[in-house]
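As written, the chains take the letters A, B, C and D, and residue 1 is the first residue of each chain.
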Amino acid sequence: MFGFDFSWLGDPLYQSWFMKGLATTLLLSVVAGILSILIGIVGAAILHFRTPFLAPFTVILIDLFRNTPPLVQLFFFYFMLSDVGFSFTDPLTGASMPVFSGFTCVVLSLCTFNGAIAIEIIRSGISSVPSQTVEGARSLGYTRRQVFLTMELPLALRMTVPLMTNNIVSIIKTSAQASLVAVTDITYYATQAMLETFLNIEVMMVLWLIYVAIATIVSLGARAISRAVRIPGYGLVS
Amino acid sequence: MSRELTHALIGFFGVIAVLGGVFLAAYGGDSLDAVIVLTNRASLLLIGSNSFDSVGGGFLANIGISLASMVVATVLGVSLGGATTAPNPMVRNTAILVVNLMRNSPWLVVLYAMLYLIPFRLSIFGTEYWVSPAAKAVVGLSVPVTAYMSEVFRAGIQSVPDGQWESARALGYRRGAILRRIILPQALPQMIPNIMTTYAMLFIGTSLVVVTGTKDVLSVAKTVIASDGDDYATAVYLFVLLLFFIYCYPIATASRAIEQKIRKAGLHG
Amino acid sequence: MHKTFWKMPLILATAVGLAGVASADQLDSVKERGVLSIGIKNDYRPFGYLDENGEVTGFEIDLATYIGEKIVGPEGEVELVPVVASNRIELLKAGRIDLILATLGVNEDRAKVIDFTEEFYNMAGIVLMAPNDTDLASWDQVAGKKLCGIQGNLYNRALQETYGAELMLFTGTAEMFSAYEDGRCVAVAYDGPMLNLKLAEQGWGEKNKIAVETFDYIPIAGGARKGEERFLQAVNEAIQSAEAANLLVEAEAKYSMGSSAYVNDRAEAARKAGY
Amino acid sequence: MAEPIPPIVQLTDVRKAFGSVEVLKGISMEVDAGNVVCIIGPSGSGKSTVLRCINGLVSINSGSIRVDTHQVETLRTEKMLVPLRHDVSMVFQQYNLFPHKTVLENVLMAPIQVLKRNPDEVRSLAESLLAKVQLADRGDAYPGQLSGGQQQRVAIVRALAMEPKVMLFDEVTAALDPEMVKEVLGVIRDLANEGMTCILVTHEMRFAEEIADRVYFTDGGIIVEHAPPKQLFHNPEDPRLRAFLDKVL
């Protein structure tokens, strides 16, 4: 068809490469996705309570990580952190090793960029909780902390499901940069397959389809979650 | 000075201070040497050539590629966004499907794919064209950004009340004229912050064109590191982070300020 | 508005339909344009790298300039396009470059998709660079060990499948050396000339050594698109003429590569053949 | 005896469904030139849909609508609808002025851009119409700077500038504060007295009684009863109409 050659898809070697790579990509996305939500919650709480010292520092970190490319952040973490002291000495061999593996660095770069975005998403959710709700709870004797944990945060999390989904999909897509620091995700193996088969277009098309499929499944799943947790009469933050 | 501006300045100088702190922590007593290396390579990183009298790439290439992609994505995004609100269900559903496909594509893979999908030499109507890696990067970046822009336009169009459509139709205007004369003039100011945010995101994405073989800032950075030695890699990457931050931060901050202004005007008007 | 949208794919389809890689004889079209595009390395000492002024220089760069002048003449232009191992063949096939002069090793798989020019250098294939106190002494010991390398290198598959090494492959040498220095891998498995030159750098030679020598020497040649007989012949003549003029012998000295019998012998042979 | 003049608007057994919901279940109605007709009824009874069908904003499923010489159900494209829009103008509950244009521009736009009329002529027409509704001095203001009543008067002027044969009013006072209702109704009264054919959907029963030549009562997508206002308001026959009037009067 159109002169394309997809026979390599039948080769068990390439099949096993793609499966191994897919597993890594999914693991990367799940770990970074969960962490980014946790970062979002903690960061939003710090900003919400205007925690001294931590709050301005969080603001600066958000500004830094949101406005620089995750790829450069990744290179920085991967190549530089050991230079500024993040390394340990292997007790067996006596060799100096970086604290963070390539996998960890990729997760780190996804967490900084998309975590910063997650903080802003949860914050926007909190700010769209009606002030009457908060006033009502306060007048019933709830402390600020209780109001945050029992009212504002749960409401914010539910209202921001669509935005959070976009952020998770963005993590899945951005995780492809793992291949550039020799982390064996699906893009890495695809590149290897491309170099062996010389069938660049075909391999890239398959790779593209796989990512679109994962992202679409996640989007559809999130839409179901969003419907399930939706509070009648409450809008969504977009 | 307004509170917003104060906050923006704290963020701006705070980040620069953080980057500077990392720089000093990494180099300690050798900081001056690293600064000298950076100074020598600054023109290469900024404009891709050794002196400031010619331009060959570097950070300027990222700016150029981002602007060109933005133009392409805006033109295509308007058409596609219009199509997602079209009355004809077949046109509408096709457009929505296309937008979702484009949105869910990873930028890096799209860039790789464009590298191989687009031939390097095209002959169109008998004239031969060289398709430079930069042109491919523009096409590749335009794919996801077109989807984002079409969403921005769709949201903007939908932010105008239905009554505007109805009264314009009652006055005898047709769909195209209503969009052009009535809807877009009202929707555009609403879209500006989203357009700016999308542009900032696109600009951050230009870091990925390193895989296309363009002389962008990251490719130059890698070459500089290969030539000057690994010792100065931290300095070079910090410099690149700084460049991206200085360019993107004002855009992001301004877009948020405009958004707040529009929201306030909406509450009072 | 949706009407314009429908026109777009149509226009694109028309453009793509009318497009195609030009099929005229390559030598004629290169001469006609007056531009010869050569894919070179710019991060690979001593074959092609940036000097202090940021100009690309090196063993293969000298050869590229010579060949270019032979083919497009002194008025013509030689466009040097930086390539890496993982994209050079694709760039050639797609017509972005006319010739590869980028440490291209000759092998059968590649010969299926491109034509090799005359071989002009004999490179120590893969060698292993490791810290001075390494236990690694032979290729049989690399099984299960993490080795840093470059995507698209000829020996990657052999290292993985024959010797069972665990490879971490990067797109550029800068990243490869960084990762090694940071301790992400126990050794670097890469082309001999480059690693030897790296050891000559300050700070590297004291701590590291070539732990395992190559199991294979590999001839280096240029690469051209398949089936362009006349172009290939012109390039081959230019290479031999360069050899006869001692260009490569001098380049070896100039870029501190030592003096190899291979290059000297080829220069002799070229002169005998009347170039 | 003179040949009777045919009604200027004539609806025959008009049916319309939105998806599976049938909103109009066979509406027939006649309006003579120069007459004022009011449509009353509970909300959701399809009153506004009738108006939207008359000027082609909503296409109908079956039946026929004739306005003057236009057979509305045959006009399938926006382009074919333009001559109809020239003859039938509409004023909306929410005014729907274009917020990014001044009052004068709102009035001038459509006659110049859609009807391709001479700008100078339109301008003098617009100015005299604005003067008639006591807004001559607000031509350069933006809609956002006007009160609701003023905006609605501008909307009426905008509709009149198309020089229509029929005017449709869709609950034009429903969004107004009580003190502004009067100024808008006054404008409509003047129009009716000048002989403009008007069809109003309204909740202002007293106004309907005073101004209408005939009143239609709709409920559940059909016309339950229609009669001259005195008879309809004071001698209602159908129990549904009686219940409705008990509630609103």
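Everything that follows uses one rule, which is that contacts are C-beta pairs under 8 Å (C-beta built on N, C-alpha and C of every residue); 3 or more make two chains touch, one makes a residue touch a chain.
Note that the coordinates shown come from a computational prediction; the quantities given were computed from them, not determined experimentally.
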Target subunit D, source subunit C, minimum contact steps: 2
Central chain of the complex, centres being mean CA coordinates: B
Pair of chains with maximal C-beta contact number: A-B
Subunit B and subunit C, separation of their C-alpha mean positions in angstrom: 34
Subunit B and subunit D, separation of their C-alpha mean positions in angstrom: 49
Whole-Å gap separating subunit A and subunit B, where each centre is the average of the chain's CA atoms: 20
CA centroid of subunit A to CA centroid of subunit C, Å: 37
Touching two or more other chains - residue numbers and ranges from subunit A: 75, 79, 83, 180, 191, 200
Residues of subunit D touching at least two other chains: none
Two or more partner chains touched - positions in subunit C: 90, 171, 175, 178
Chain pairs that touch, as defined at the top of this document: A-B, A-C, B-C, B-D
Touching residues (chain side subunit B, partner subunit D) in the complex: 161, 163-164, 166-175, 177, 181-182, 185-186, 269
Complex contact set, residues of subunit A against subunit C: 75, 78-79, 82-83, 87, 95-98, 101-102, 180-182, 188, 191-192, 195-196, 198, 200
Subunit A-touching residues of subunit B, taken from the complex the two chains share: 7, 10-12, 14-15, 18-19, 22, 25-26, 100-101, 103-110, 112-113, 115-117, 200, 204-208, 210-211, 218, 233-234, 237-238, 240-241, 244-245, 248-249, 252
For the subunit C and subunit A complex, residues of the former touching the latter: 86, 89-90, 113, 131, 148, 151-152, 157, 168-171, 175, 178-179, 182-184, 186
Residues of subunit A defined as touching subunit B within the complex: 56, 59-61, 63-64, 66-73, 75-76, 79-80, 83-85, 169, 172-177, 179-180, 187, 191, 200-201, 204-205, 207-208, 211-212, 215-216, 219
